[in-house]
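I am attaching a structure below and will ask some questions about it afterwards.
For clarity, chains are labelled A, B, C and D in written order, and residue numbers in each chain start from 1.
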């Protein structure tokens, strides 16, 4: 029973990492209706930027804020420079551009920073709580995830810009007719996603260590989490992330052993989606014409 | 181009292409012949994925799994049961037809991204399952299976690479012919109708469920045949050969080549076979960065793939006033 | 890129190759009066790119050799190609090296799957597949595969070393194992179980992980729950660091054995936390460039000078740079012994004729030894224990 | 009477095939103009070309300023509210959010708050449903919402695309009553595209008849009403 509880706690801790990555995916999805496969590598690259700043002697929070801001700008720039030319191309062409972006970022990071793992500091105290099964950092990750979620909720719900972004994603033509610059809303969505990704990267790195392949596995779980929770619902993404973390741990520890734990977790997720095709909390669009 | 040359011109063009394909192995080194053989196997796999994704609009990020099943069926039959190599190909095709059809049944309920996730899961699970201890007796576990390369039969004056090339070429021609007949007629129209106007297709009496899951099966069959050929060409199968990256590579192939285009499969195959080598040649420090640049450049210049670009060029030629 | 400039003298070499060799000189393809073509396949792209450092380090060492006049007056023309850690690509690239570039030998191709894929081909073509960069056991089989030779101590040997240590010093141990679910992890595990022999039931818990797993936290929680008091950590650097830290954080204090793959002070123990690594037992055959005990070692200083001059982009913390450096030195030794008889047969004969070769970055007491029936060049390892700052050797170098 | 919108030589289409061939028309300040025509004559395309949703050749002036090179969002920012065909509802947002979006470009919160009250006065049903998801409204309610959203911009000109389409006669009458009121009381000019010619001609002061991309008749609404050809083809008596 004790071990069971610990597996659940540890699953929640890992799950909060998936949750925050899933949040970033949901951001871009809400803005563009596309899943950005390069999201993980963008987060990894941002984390290296933070590492560079820390290495140069910046205090942690300055590096943190600087990285988030810089990532926001880079996200906007990527949308305007890399994605814009294929805006009107078929969806799969855009997916291929994402894949191109993914391999470029991965390879360039390896080239600049080499593949040796680097430790990345945590802003939280180096302590463990709850009998050592959750570290202060992991708890901090959960808190930050919830905080980011709350900020996003407030932003989308109560600011004109947030409203405009939602409108632009849903109905670009009507949005232009009320004066919304739809192109910039997409870029803004990318910027926000990149900024959240940067936060995710900086919180993940102290746990998994920083290396160019840091986000590969996590993105995959984040993708599953986002779909499980409902790709258009930030709160759902967080619940999905936590659920995937726990599910994975329990299936590994009690169901089939570690050799097939990923397989089983994925089968379960797909199973849930068969029953609820738009995810646990996905919005079912009600519409009368 | 088709209209420009007319149906006869097209037939002549194909014949010339085939002739060139037959002459090439006598002009090239065995190594180049081997590369072309492997490009041909990719082309078959790409036709398979293209039937599903290009024609029918179902996105699969997991076709590497069917490639792997085909490869392992061939390897296990040859290694454990002494089945001759040529006989493993149809078996691999049928096994994948079944596997694809079965996977297609639940996939019916999933669309777009969700289908992408399900197939993605398949791609991730495949190497894990191949390593699984309860299957190790068959799959050879992490060590994989080494198989022998066939000699040319009937005392033909061909070396192993040349013979395998012709063997693969024959199967490629057969599979392309099969795909063309399948897609040119009623079935092809039904697939496109399901992709473009599912509601209208249903109203017209198209059995969407059957078509979609069967498309999955047929698509997997093509890819499985390619996998079996790939295993024989490489003489080795192992879980590391069939990672998620293979599935992604196949997707890259059909998009760069051109969706819903048979000739696109050839262009795509050439791209995924040769461009990584070019990238490696340009930079050892970051070959993937070069590869990524190639990908993005391709999508900028040819958002509908090589085949789409050629089609547009041909249309422009047709429209242009005839010369003096 | 230094590696690419090495390939430049190709055209000149082709001209020279056309001239008949002098009477006493014997050449196979790839060797001439002025150059020796050495091929290599490494993952420079894809998820295993970290290993690409080895291929680059080898090139950087050959550049130094060439700058100093080459081997018996011949320059090494090093052609290294990317296989992305994919066996089919490895076959393709190897065939290119052998058939198109016509190399004398293929040196240090990396990875068990890639080497397995080209194993038969190299032996059928009778081209040396020399000093492969993998720790699997199957590379030392001169009867069936006379053209293939390993280099590093194999994983099974190392597993057996720890097993023997446990049997001697902790016969009542309850052992937990964490391993990577692939050929490398399973090879270690097999050697370890073989070493325990009838006592294999001492292993009370096994957990595996995939390279795509973000963390091994869940596995560590399970292993602790098994009640084990001894832990064998068969993981690559990132996961090794995670496991060491997690064990400490969840207050699990077993006797820990750490595989050689991940025992770098600089790139594993420091990220994991030095104080969390105290008491770890591991084994070495190379000097760890990040271990403070070598700071004044002349061999280390030579290595450092070489790194700065020839491999400046590489990471000084990365043990792969010692690995590539030492492996390259081994090949240079073989080629020197070949003299003017640069046939593939003689290369294999000389590779199987290394006697007590002590290379600078090998640990004191560890040498390279081969013979016609012994295709395992390095077979000894030195057990060491981590004291919080550096590794302390204990006992004599031992073999499996 | 000067014109708020002057269009000359407007040519536009989709891809390579032009739909409109050199239209000339205008909308007087504070007036209502209507373009009549059969299905496929190019009525919707005309509005889209004016509001910048599609590229067009020719000259479009709004209050004297050239707007034919502007993007749709910039046209909207100058005070032209386009109520598109199909009503353009943000179906997943609430009624209130739809209205807030209408006022997106405005920077006078007090004025926006007053306009909220005003549209709720005009259409009390929207006030009742302000928290409801807009996609759940009936067709008539969605049309009211679309007009209200346009009004929230405080436009000087409204482009209305088939406001009567698919609605019950009672609802249509109510909507036209309110459009007339808005025009009379606040001086908002309207360019109305309508299949229901008799309704349109009642509201409009100027009218144009569009046939396969060309304006064939233009003049005062009264003249058009009296025109035999128009009567037979479009008014049905």
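Here is the rule we use: a residue touches a chain if its C-beta (ideal position, glycine included) is under 8 Å from a C-beta of that chain, and two chains touch if they have at least 3 such contacts.
Quantities reported herein were computed from a predicted structural model and do not represent experimental measurements.
**Student:** Both chain B and chain D are touched by which chains?
**Tutor:** A chain counts here if it touches both chain B and chain D, which gives A.
**Student:** For the chain pairs A-D and A-C, which is connected through the larger number of C-beta pairs in contact?
**Tutor:** Most contacts of the two pairs: A-C.
**Student:** Can you figure out the chain closest to the middle, judged by Cα centres?
**Tutor:** Closest to the centre of all protein C-alpha atoms: chain A.
**Student:** Just grab the chain with the largest centre-to-centre distance to chain C, centres being mean Cα coordinates.
**Tutor:** Comparing chain centres, D lies farthest from chain C.
**Student:** Roughly how far is chain A from chain C, centre to centre by C-alpha average, rounded to an integer in Å?
**Tutor:** Centre separation, chain A to chain C: 36 Å.
**Student:** Counting only Cα atoms for the centres, state how far chain A is from chain D in Å.
**Tutor:** Centres of chain A and chain D (C-alpha means) sit 43 Å apart.
**Student:** Between chain C and chain D, what's the gap in Å when you average each chain's C-alpha atoms?
**Tutor:** Taking the mean C-alpha position of each chain, the two centres sit 75 Å apart.
**Student:** Could you work out how far the Cα centre of chain A sits from that of chain B, in whole Å?
**Tutor:** Computed from C-alpha means, the inter-chain centre distance equals 32 Å.
**Student:** Two or more other chains in contact with one residue: find those residues in chain A.
**Tutor:** 103, 107, 110, 220, 259, 262 - these are the residues of chain A that touch more than one other chain.
**Student:** Would you mind listing the residues of chain D that make contact with two or more other chains?
**Tutor:** Within chain D, no residue contacts more than one other chain.
**Student:** If a residue has to touch 2 or more other chains to count, which residues of chain B qualify?
**Tutor:** Touching at least two other chains: 124, 128, 131, 285, 287-288, 291.
**Student:** For this structure, give each pair of chains that are touching.
**Tutor:** Every pair of chains in contact is listed here: A-B, A-C, A-D, B-C.
**Student:** Touching chain C in the complex: which residues of chain B?
**Tutor:** 29-31, 34-35, 38, 124, 128, 131, 141-144, 146, 230, 234-236, 238-241, 243, 245-246, 276, 279-280, 283-285, 287-288, 291
**Student:** Within the complex, which stretch of chain C touches chain A?
**Tutor:** Interface residues on chain C, with respect to chain A: 45, 47, 49-50, 52-53, 181, 207-215, 217-219, 221-222, 225, 237-238, 241-242, 249-251, 267-268, 270-271, 313-315, 317-318.
**Student:** Help me check something: in the complex, which residues belonging to chain A touch chain B?
**Tutor:** So the residues of chain A in touch with chain B come to 35, 82, 85-86, 88-90, 92-97, 99-104, 106-108, 110-111, 220, 223-224, 227, 231, 259-260, 262-263, 266-267, 269-270, 273-274, 277.
**Student:** Would you pull the chain B residues touching chain A in the complex into a rising list?
**Tutor:** For this pair, the touching residues of chain B are 53, 59, 106, 109-111, 113-114, 116-118, 120-121, 124-125, 128-129, 131-133, 248, 251-252, 254-256, 259, 285-289, 291-296, 298-300, 303-304.
**Student:** Okay, in this complex, where on chain A does chain D touch?
**Tutor:** On the chain A side, the touching residues are 160, 163-164, 166-167, 170-171, 173-182, 283, 285-289.
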